[in-house]
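What follows is a structure written as structure tokens; I'll ask about it next.
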């Protein structure tokens, strides 16, 4: 169910049967020495494929550029501003609506995209009230993470190129991980980073937030499978729920 | 030289050595029964890879959504407006400049993106005068096309899902072509289509503009190799030329 | 140190001595039967006064309108979109910079404003690199809340017109609270509310998220004083830190 | 009838009975040594209260920031550009309409806001044709001013921190006036100031345009009461008139 | 000195000698039965020619479309919104600056354009500080009007297709006036028209505000020559004054 | 049928009878030593008059400023960006629709305006589906040009101040041509000019692309009359076709 490999003669009927389009969205961003710049794209894309299989959904081509303000000064990062990203996602959603989709599920591999996705989803909510837009960033994994992680959390909200994300990659895209280069970093994130714009070069030279050497495929499997299960459930519920005004 | 598979520790030095980034850009758009919706993405992506090999360039992730106004009412098409596409391309270019690239080569698989690319290139020209932006859509293939095509040209300026584009696909992405479904169409494009907005459903039900059954891999090879040769030359010249103000 | 009560002959020198401007920002929004529509304004304004006293800062006039998308369909709510709120905050900050302030501390009484403040702060960070912008929403109160709250948390991220916010009001603006009308509500926030735009009328008729009857002035004092202490520290640190572009 | 002190349970019915919302709008701007920076806010806010009493209207929180281009380089001024102010006023009006108000009366204390209010009012006129937007800046006071003023008018159109405005303050917010510092200035406004952008620092160092020492509370009373009477009449007429398309 | 009749080989040196560009701007708008829709264009264009002769200035092509909100529902009116008109005037001014002009004098034949011209002038003032932008709408004619007019003024601020404007046309573009159709109208402009958006169809069916039958060429001559004299003086002063930062 | 010379009392009925409005659009741009800066305005305006005579159409005032990016650094050029030009044309079209026109024919004298016209036309197509917008730039003249031209074509797509354009001027506006200054130039346009932003000063000092000395009135007549015939036919067809959704 790869959308772009379908042809225009068959797709209309298939859309009516499926009703769900999944957009993987990631970023090109520094992820330390052991993970590739496209880590968030690989994660989003592979999760989307797994979710699509269980929900009879179409996977759209990955939108591979995102909002990476915090790391934009690191080598390799490509930054799209929210002002630009919001209407781009909106336009995709608007076309999907016109094509007959009822659920637009965005599987996001990069936390920095959350604001843009949320804003675009709200605009679509107003303009296309009978389509459900889902903003999915590893939903419902808090508990399983607490169980499997061995390293201490560096920051309350974000994780990056660490035990967790490296584990996800080992499970979803192992060929792109070089564990021999994995680092254990303990950056001191200043308290002000939560209350004032703080590019990450102020507290890390590697972009690794924690101990990537503790990552394992098994940990990744446990967390990602929980995320996938929850995404599947949210999509199935959205299919049934629909919206009526 | 796939940019997103590189890591942030190595990339800085590699950018300095390469100096060229290639962005493939395509679209999701109806291409008849024998070609997939993502035809323009596949073409742009594969040409980019071939060009990169000869120019020591990095290939960025394909931007897989484009401006498809003319076909936006066909099944499967996803349309991004120029107002949104222009700043998106600009932001990518601006990041590439900050990352140290000197040449930003956009290999475009879809004619409808030309306006947006041109506008973004002009803005980058003003703001980043020492980076060269190349807008590459099968440059310099007019003569070879005249030699190899067997069908009559349906329209002076655009071609679509026809002998030509199907041949390109047979050469670059044969697995995604189903020649058993290829059509020969002879749409009567009204004269006014050149002077007033005219969605293509006004003159074609298939989105095939011409005789796709005449497509061959060999024809595709001849034209695409000419395009690639010219793109390589333009990139090499841009490296040398640079810009100085 | 109420900025708008100063006169233009004295203010220049005073700004140089103080260097800190505090902008209270709130909203006009439904807060149940026991709290006024302007609750967030009263909270922000009163906290700003207390913080200013300890930091030799100027308190600007409260910006009394904010982003209240989630509750905009409730009686009394006035909604400003992020697209409008962001440049408004930016313009204030830009003028403050031109006036000579070195620290622009935004004390926010309404979670819904966070995105706009963050975006404006990032733009100011780029354009005015030697001014520190602080985005202050009850910083560092997680622990004290866990100690004082008697009711269960209704949602992981947001609180509204509940034990907590009502306690803040009892401490900071007691005259505007009518505890005889306080409600105890236990809304079932659907799981999808975290992943899809969900106006609050879908799960509450009162806009009270929890048990407001458990609110006390003492609880409010403990939490608010912790927040104030942290805000004072963050401002003092910002004064010293400055930025050097 | 202070809007933000109402609660969301009662407000719906009250809006239906009242039907009129008054938005005071002022500015933070240099007003010489004897008047505070927030002069226009104090004037707008106090007039709004007096008008509301006679029209059964709700007073919204004062929007305390305005367009002060001409004086933006004076100490203490905070400038909001028209591009930002227009949609902000629009958003407030749009929410008021959704809340059920039929008359949106803007009482403006600062001439510089007039353009933004007029533009916002026109947009609301198109989009919300059955709501009346009133743009009220001391309406109908020309005659009484001619009778009471003792100083010569410095400029045909604008007055500032002078006999008139100081008198208004003495009547409406006496506690914030320091008449011992009142100046008598006679700036020579160059003829070109009416035809080319001319920041006021080109012709005044004090921002006082005229003889503030002649201000009296009685003069303020006569003019302000005339303005209030006219505002009340305009609001009452608007209630009755409504709009029907 | 018609700018568009010059050629690019000679113009550079001529600009340096002249230093002044005049932009006539008018509108296409209903002006009753006796005056043409392009009245404001004809007035602006002819005044510009007369002013240019006395100031060694270049006359640019007339911008013949303006902001006509108030009359946009009348037959023949073409309305450009301020949001569009402002940057258009700005772009012209910016090019003139790059071409070497020191004074950009806008001779405006239509009051409704004033806001857009003022906003564009302020932006140019910021970005191009050493160019003077003049916003000229019949400057300094108040006294002579009081002397020559025989009819009562219908409105304090605006005049339209009346004794005055018809007289201007008789002096400047007599061939386009049909005095046999001139009307004498006495519209009752409602008081609220000054405080709320009020399209003119609410109080006039003809768009004639007053007694056009009293118009004479001689009256037009007296007023227009005064305006021209003042415009010439303002331009000469601007040449000498320049701006220095 | 000059629109701006009509009056508002007669125009409504006349619009109903005519149904077609023609907007000439040109530019102020360097055209060498023998042609004036306003060449494109003169061409568009004169062609519009000839076309209007044969189609019972109204000619609107010429929009005399256009997008001249490529030549904006040449003496005398005035450049309007596409972002500004697009909504300006849109606003004109929107007013024409409200006035009752069914066909909005844009006769363009400057290739650089094509993008803006096309974009505006598409927006009008969406918003005003029952009005036809025609984008007319010398339609259908390819064959006759091949027959009459004596000089070699300098570039595949654009011509400028050359044998062709000078011939058009000799036919349409002979008084503004100075053939004694006509040049024969053979600029070497670099190959990269087609793929990267290239201001024309990089390859020409005169802005003359070819041999203007070969221009004749007769050549101009043959080509322009063909263009006019085709424009007349396209307008007549548009009248009959209309649009129905």
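Order of writing sets the labels: A, B, C, D, E and F. Residues in every chain begin at 1.
As a working rule, a residue touches a chain if its C-beta (ideal position, glycine included) is under 8 Å from a C-beta of that chain, and two chains touch if they have at least 3 such contacts.
This is a predicted model, so every value here is computed, not measured.
Peer 1: Quickly list, by label, the chains bordering both subunit A and subunit E.
Peer 2: none
Peer 1: Select the chain at the greatest separation from subunit E, using centres from the mean of Cα atoms.
Peer 2: Computed centres place A farthest from subunit E.
Peer 1: Farthest chain from subunit B, going by the mean of C-alpha atoms per chain?
Peer 2: D
Peer 1: Identify, among B-F, C-D or D-E, the interface equivalent of A-B, where equivalent means over half of the contact pairs coincide by residue number.
Peer 2: C-D
Peer 1: Taking all residue numbers at the subunit C to subunit D contact, is the shared part over half or under half, that is, same or different?
Peer 2: same
Peer 1: Using only Cα atoms, superpose subunit D on subunit E and state the rotation angle in degrees, rounded to the nearest 5.
Peer 2: Angle of rotation between the two copies: 180 degrees.
Peer 1: For subunit C and subunit E, let me know how many angstrom lie between their CA-based centres, rounded off.
Peer 2: Roughly 49 Å separates the two chain centres.
Peer 1: Which whole number of Å gives the spacing of the CA centres of subunit A and subunit C?
Peer 2: Roughly 30 Å separates the two chain centres.
Peer 1: When the C-alpha atoms of subunit C and subunit F are each averaged to a single point, how far apart are the two points in Å?
Peer 2: The separation of the two C-alpha centroids amounts to 57 Å.
Peer 1: Starting at subunit D, then subunit E, how do the chains run round the ring?
Peer 2: Ring order, starting at subunit D and heading to subunit E first: D, E, F, B, A, C.
Peer 1: Where on subunit E does subunit F make contact in their complex?
Peer 2: By the definition above, subunit E touches subunit F via 3-12, 15, 28, 30-38, 41, 60-65, 72-81, 83-85, 87-88, 90-92, 95-96, 98-99, 176, 178, 181, 206-207.
Peer 1: If you look only at subunit C, which of its residues touch subunit A in the complex?
Peer 2: Going by the criterion above, the answer is residues 69, 82, 115, 118-119, 121-122, 125, 132-136, 139, 191-192, 194-197, 234, 237-238, 241.
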